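Here come two complexes built around subunit A, the first alongside subunit B, the second alongside subunit C.
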Partner chain A sequence: MRIGVYFCRCGGIISEKIREEAVRAGLAAVAADLHVAAFDFLCSEEGKGFLAQDLREHGVERVVIGACSPREHESTFRRVLTGAGLNPFLLQMANVREQIAWVTDGEGEATAKAVRYLRAAVRRVSLHQPLLKKEIAVCPEVLVIGGGPAGLKAALTIAQAGRKAIVVEKSPIIGGLPVRYEELFPTLECGPCMLEPVLDEVLHGEAAANIELLTLAEVTGLKGFYGNFTATIRRRPRYVDGTACIGCLQCAEACPASAANPFNYGLSERKAISVPFDGALPNVPFIEPGLCLHLSGEECRACREACPLEGTIRLDEGEELLELQAGAVVVATGAGLYDSRAIPGLGHGILPGVHTAAEFERLLAANGPTGGELAIGAGEGPGTVAIVHCVGSLDPAHREYCSGICCQVAFKFNQLIRKKVPGTRIVHLFREIVVAGKEDSFLYHQARQDEDTVFCRYPEIGALGIRLEDGRMVIEIRHQGGTETIAADLVVLCPAVVPAEGSGELASLLETPLDRWGFFEEMHGRVDPVQSKVKGIYLAGSCQGPMDIRQAMGQGLAAAGAILSRLVPGRRLELPPITAVVAADRCSGCGVCQGLCPFKAMTFDPERRVAAVSEVLCQGCGTCVAACPAGAITGNHFTDAAITAEIEALLS
Partner chain B sequence: MANKPQLSIYWAASCGGCEIAILNLHERLLDLDAAFDLVFCPCLLDTKKKDIEALPDRSIALTLVNGALRTGENREMARLLRRKSQLLIGFGACAHQGGIPALANLDPAGPLPAIYLEGPTTPNPARTLPLPETTVPEGTLQLPPFLGRVAPLAEEVAVDYFIPGCPPEPEQVWKALDPVIQGKPLPPLGSALGAGRSAVCAECGRRKREKKISRFHRTWEIVPDPEQCLLDQGLVCMGPATRDGCGALCPQVSMPCTGCYGPPEGVADQGAAMVAALGSILDIGPITGLSPEEIAARIDEVLGSLPDAAGTFYKYSLAGSLLKGRLP
Partner chain C sequence: MTEPAFEPRIIGFLCNWCSYAGADKAGAAQVPYPPHVHFVRVMCTGRIDPHFVLQAFAQGADGVVILACHPGDCHYKEGNLRALQRHRLLLRLLGQLGIGEERCRFDYVSAAEGDKLAAVVGDLVKMIRAAGPLPVRPEQEIGRD
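On to the complex of A and B.
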């Protein structure tokens, strides 16, 4: 076997530290049939041309390149090998630049070290196996879980590219949390007005035909792998035919049953058949089965009788189980708020004047429980609103992190309260103020300049106590030096942003890991922020951490972009051949490797009682290879034999 | 009778169990006797070293050597028998990987101080120790000296095949010897005879599931479920890292495998393979967000329930391991 060793001088960067002639001499006896050559810049066009020609001319069968880090140019040189008719995996790079020339003192030591590196590479490459890339067909459709801003943006982008997106939304409406907010920071834009065009695009726009929207639906199973997922979806009945309904809501008027409306956080009532709030989309009422008298076995058909379009209300509708194919999945399930009842001193859920930011949003909204009317004070002059920032944030006992959006929300409230009830005194109780971003300090400055707005820093959330005294709330702030008290008519809590309810169940169903706080974890928080740890499952929006609408939309776009660029109809999925391979005759079926794979690539064949690796999912990380106590799993391109030979040559 | 091929059986540092394993061939012993003329076997015959020395080189058709190399005598006999034999088979775990005697490598001081000086029932005020040579009025007495380190047979002489096990199972012994007797083609030199290529779990009928171990148990601490994999129940069963061929006798009766058949085919270090496997399935709870120190403390807590790591993971393979039992 003829092994070619190519020493790159890197224009002197390598050769001024490592003596070329000594390297040649040092390699002399390492293999029987060795061809050694050197070049100034092997990565240059000229250098690659030289390499390709030299490989052919000298009939080189295996290649060692002593140059820079393989991270920089391994793929470059693999392509040269392919061009020269060699299998690209018959290459081994020795990093003599970063690991030797740049960091080793003295020419002698550097040269001796380079000889060892190159000898090790020669030994290793002689044991390399040619590897072939494989290809499989893919399903180009995309499953989007969650119909909030991020999910809808992703679905819309995919649909606009002429591709099919299936949106699975748990609730009866789309738009996520922001459609419940009257005005949005940082510019106090009308929330529904801003989002409605997006929702309309999804429902009726040019690309709407490419979007299959499943409301009241949940993913209950996902099997398969990138390019070929099969999802099971459970769809609860709406009891109203969405295509026939004109949204007149005569049914809701006629309905005799009602209960607290969870979309308004229980601050108002709703009928058993209703829309969550005015303007909710799709504009089709739904029946809450637990409330409906008919569905509870009584003889009521009030809604059906009131409906002007016969057959639209279908009280006999049942649950559906759907099975859908998709090549990729976008998780966009959003976030929730930290339960402020976990901090009992704040009185949330006990004192009627204490509301969370989410509840307060509904109190401000024209389509909310009060029609947007805000009552502050008992009519004797202007009242006081206390806005508590950092509820459960920046606190190791609750959530260590800053959610980054609550200050903006609080200062938005400042403006809105001022507009609705002029003269109101507003107190901001905060631990830290965070308003980063080019547009984001506007509301803060407004609040700071406002005469009737006061800022008060509190040491920690446990130092706050809220109690009811003569019909007003009294907030006690226990500072180190003494206790301060503030009377308020209304208290608004801005809790930390936390993972949405059910994130854990969804994560275990998708087998995608969550971070320490329960948010979906990215492949890499900075360089790969929309890819989950599982190939083909992407993340968008606040399911991966607190974020605002702009960021969520950006994430949705990014996830769609990543999918559109990688999962292309007609293009086959190329499988890199550096994967783990199970030797079935050596596998004892002990089960050690089961459950280790971070990419869901490892399975067990119960009939043959042996482990099996999916070459589609395997990323070649080697976790199972190292774990296998029977030596039955081999890492392609990283075989025990090759690595041992490399180490032995390095240490000999 | 003189025309029969010759057989020799030698014991180096061993317990005699391998001879019992041969005895356990039962009726097959008659076949063995019909096939060979037993010329040397310190356990059974009175032939001496000088008798072997007198034989022409390669005149013994088959030699089975059991035991590890512990003393100068072991080494000398191994070399002599290699020279005199056509086929030399390492018989049993000690010849193969050092076996239990090789655990002595963990004690660099050697056994003599513990036996002759520190033993509470051995009064030895003169601090007398056995010596390789002792002069008495009648002449000089010689004792074979300890080698610096207990070694497997293959470290000293070329071993053609090995039959693993402590001791090897009689059925497997016969499976190994029968082709030799029949003159059938043998596998490539260096292979294991009378054993599989996989691990003990392949022969163990217990139910295996995805493994997560949050605490180890010793055999007397729990009554294991009779159906479930012992390792899944926290008993350190070496089955996954041990060559098959024994029929999984121990785990089938709720005794965890201790690893006597040595590493599976292609595994260089049995103990390291098991440690890597356990390291992969150790359950220390969720670690996201924990500091390296907290993670290390959790690992230590789980490992605290595992006494005698060397004796557990290298019970039979210390001398044959990558480190060969060297201590820092």
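On to the complex of A and C.
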């Protein structure tokens, strides 16, 4: 085997410290068939040309390069090997610049260490195996879980690229939480006006044909891996044919059954067949089976009789189980609000005048329970609204983080209350005020300049107590030096943003980890912010943490971009070959590796009773290799033989 | 004639992503450390089989150092944790072989911590210089199956 050793002088940087001739002499007896050459800058175009030609001319079969760190130029030189007709993994670099020339005192010591490094590399490279990148075919379709801003933006972007996206939304409508808000921070833009075009685009736009929208649907299983997932989806019946319905809502008018409307947080009623609120999309009513008399076994068919289009209401519709293929998954399931009933002193759910921000949004909305009419006070003079910031935030007993959006919401309320009921006194009770960003301080400054708005800092949420007195809410703030009381007609609580209900179940079903707060965890929060810890599963929006619409849309766009650039139809998935390999005949099936693998790449073949590696999921860390008690797992390119040879040569 | 001063030989196992990059950083900043410190690159410290360490001692190392990404920073999520667990167990075995725990170190070095890398290996060398060469070498075959 002819091994070529190439010594890069790095324009003198290396050769000033490490004597070339002594290196040549030191290598003389290491291997039988050694070819040694030196060059000034091996990484330059000229150097690479020299290397490629020299490899061919001298019939070199394995290559050692003594130069800079492999972290800098290993891939450069691997490409040169490929160009010269050699397998790129038949290369070993000796880091004689960063680890020797730059850090060793004395030429003699540096040269001797370089000889040891190069000898070790020669020994190691003689044990290298040629490795081949494998390729597999991929399914280019994308499954998006969640039909809020982030999910829809992702789906739309994918669809606009001519690719198919399947959106699975568990509620009957799309748009997520913001479609329930009439005006949005930071500019008080009309929410429906901003979001409806996006939703319309999804439902009826040019790319809509590429989007399959499944409402009232949930993912119940996910098998496979990046490039080739199989998802099972349960779809509950809507009982209304969405393709035929014209949205006249005569059915809802005729329906005799009603109950509290969860889309208005129980502040109004809805019929058993209804739309959640005016303007909800798709504009197709649905039947809540628990409320419907017919579905509860009674004779009623009022909706079907009222419907002008025969056959549109399908009371006999049943649940469906679907199986779909997808190459990638986007989790965009949104977030929820901290349950303020967990802070009993605030009286939420008990006192009539205490509402959460989400409820208050509905009270402000024209399509909400009061038609947007805001009643404050008993009519004698202007009333008072207290807005409590940081409910459950910045508090280790609840959530220690700041959600970063609640202050904006609170100052938006300030403006809207002012507009709807002029003269109202507004009190902001806060622990901290956070309004960062170029557009974001506008509403805050407005509130600060407002004559009828006051600010009051409270020490911690436990120091607040709210009680009912003569029809008004009395807020007690227990400061260190004494107690302050404020009477208000309405109290609005701004709770911390928390993971959406069901995140835990979804995470275990997708086998995608959550962070310590229960949000979906990114591969790397800053460098890889849309990739989950599982290859092929992407994250977008507030399922990752508190986020406003702008950030959620950005994340949706980014997730779509990542998928479009990585999962390309017709392009096969390249699998890097530095993975673990199980020798089935040595494996005892003990399962140690399976428990250790952080990427779920190790599976158990129940028939042969041995472990098997998924080359798609394996990232090549080698943890299983080191752990296998039977020595049945090989770490490609980092084999026991190669590493021990290197150790031995370094010490000889 | 005086005996040549004892210069301990060290093998360091460094993960590619943080600690090896930290060593590159020490290089770029030209922070010197003793010449008989040799680094073996693995993709993650989770790859370090305890038998590599025993092998190093058997082959003539006087000290071994394992340098990992800081907790939470491992490129493969938790390989550093595995390495830490294995290191703890290994220390017990080394003790039985008469190799003191000061000769086998585990530490965290990030890609930015070139100074720390040089300090850790410098300190190890200093301690072993004082302790002297490894009194007994383990059999080469220990740790093999």
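Throughout what follows, the second predicted complex is superposed on the first by the 608 of 652 C-alpha atoms of A that agree within 3 Å, B and C clash if a C-alpha of one lies under 4 Å from a C-alpha of the other, contacts with A are read in each partner's own complex, and residues count from 1 in each chain.
Quick note on the criterion: a residue touches a chain if its C-beta (ideal position, glycine included) is under 8 Å from a C-beta of that chain, and two chains touch if they have at least 3 such contacts.
Just so we're clear, the structure is a prediction, and the values are computed from it rather than from any experiment.
Student: In the overlay, answer first, second, both or neither for which of subunit B and subunit C A:640 touches.
Tutor: In the superposition, A:640 touches subunit B and subunit C alike.
Student: Answer with first, second, both or neither: which of subunit B and subunit C does A:516 touch in the superposed model?
Tutor: After superposition on chain A, A:516 lies in contact with subunit B alone.
Student: Classify the contacts of A:189 with the two partner chains as first (subunit B alone), second (subunit C alone), both, or neither.
Tutor: Neither partner.
Student: State whether A:97 touches subunit B only (first), subunit C only (second), both chains, or neither.
Tutor: In the superposed model, A:97 contacts subunit C only, not subunit B.
Student: A:626 contacts which: subunit B (first), subunit C (second), both, neither?
Tutor: Both subunit B and subunit C are touched by A:626.
Student: In the superposed arrangement, does A:596 touch subunit B (first), subunit C (second), both or neither?
Tutor: both
Student: Look at the residues of subunit A and decide whether subunit B or subunit C touches more of them.
Tutor: C
Student: Who does A:305 touch here: subunit B (first), subunit C (second), both, or neither?
Tutor: Neither subunit B nor subunit C is touched by A:305.
Student: Answer with first, second, both or neither: which of subunit B and subunit C does A:109 touch in the superposed model?
Tutor: In the superposition, A:109 touches subunit C alone.
Student: Return the residues of subunit A at which the contacts from subunit B and from subunit C coincide.
Tutor: 596, 623, 626-627, 629-631, 640, 644
Student: Going by the contact rule set out above, which residues of subunit B touch subunit A in the complex?
Tutor: By the definition above, subunit B touches subunit A via 197-202, 208-212, 229, 231-232, 239-241, 244, 263-268, 273-274, 276-277, 279-281, 286, 288-289.
Student: Which residues of subunit A touch subunit C once you look at their complex with the stated criterion?
Tutor: 69-72, 95, 97-99, 102-106, 109-110, 112-113, 116-117, 120, 533, 578, 596, 598-599, 619-623, 625-627, 629-631, 635, 638, 640, 643-644, 646-648, 650-652
Student: In the complex, go through subunit A and note every residue touching subunit B.
Tutor: Going by the criterion above, the answer is residues 514-516, 585-596, 609, 623, 626-632, 640, 644.
Student: Which bits of subunit C are touching subunit A when the two form their complex?
Tutor: 9, 11, 16, 20-21, 23-24, 26-28, 30-33, 35-36, 38-44, 46-52, 55-56, 59-61, 75-79, 82, 86, 118, 145
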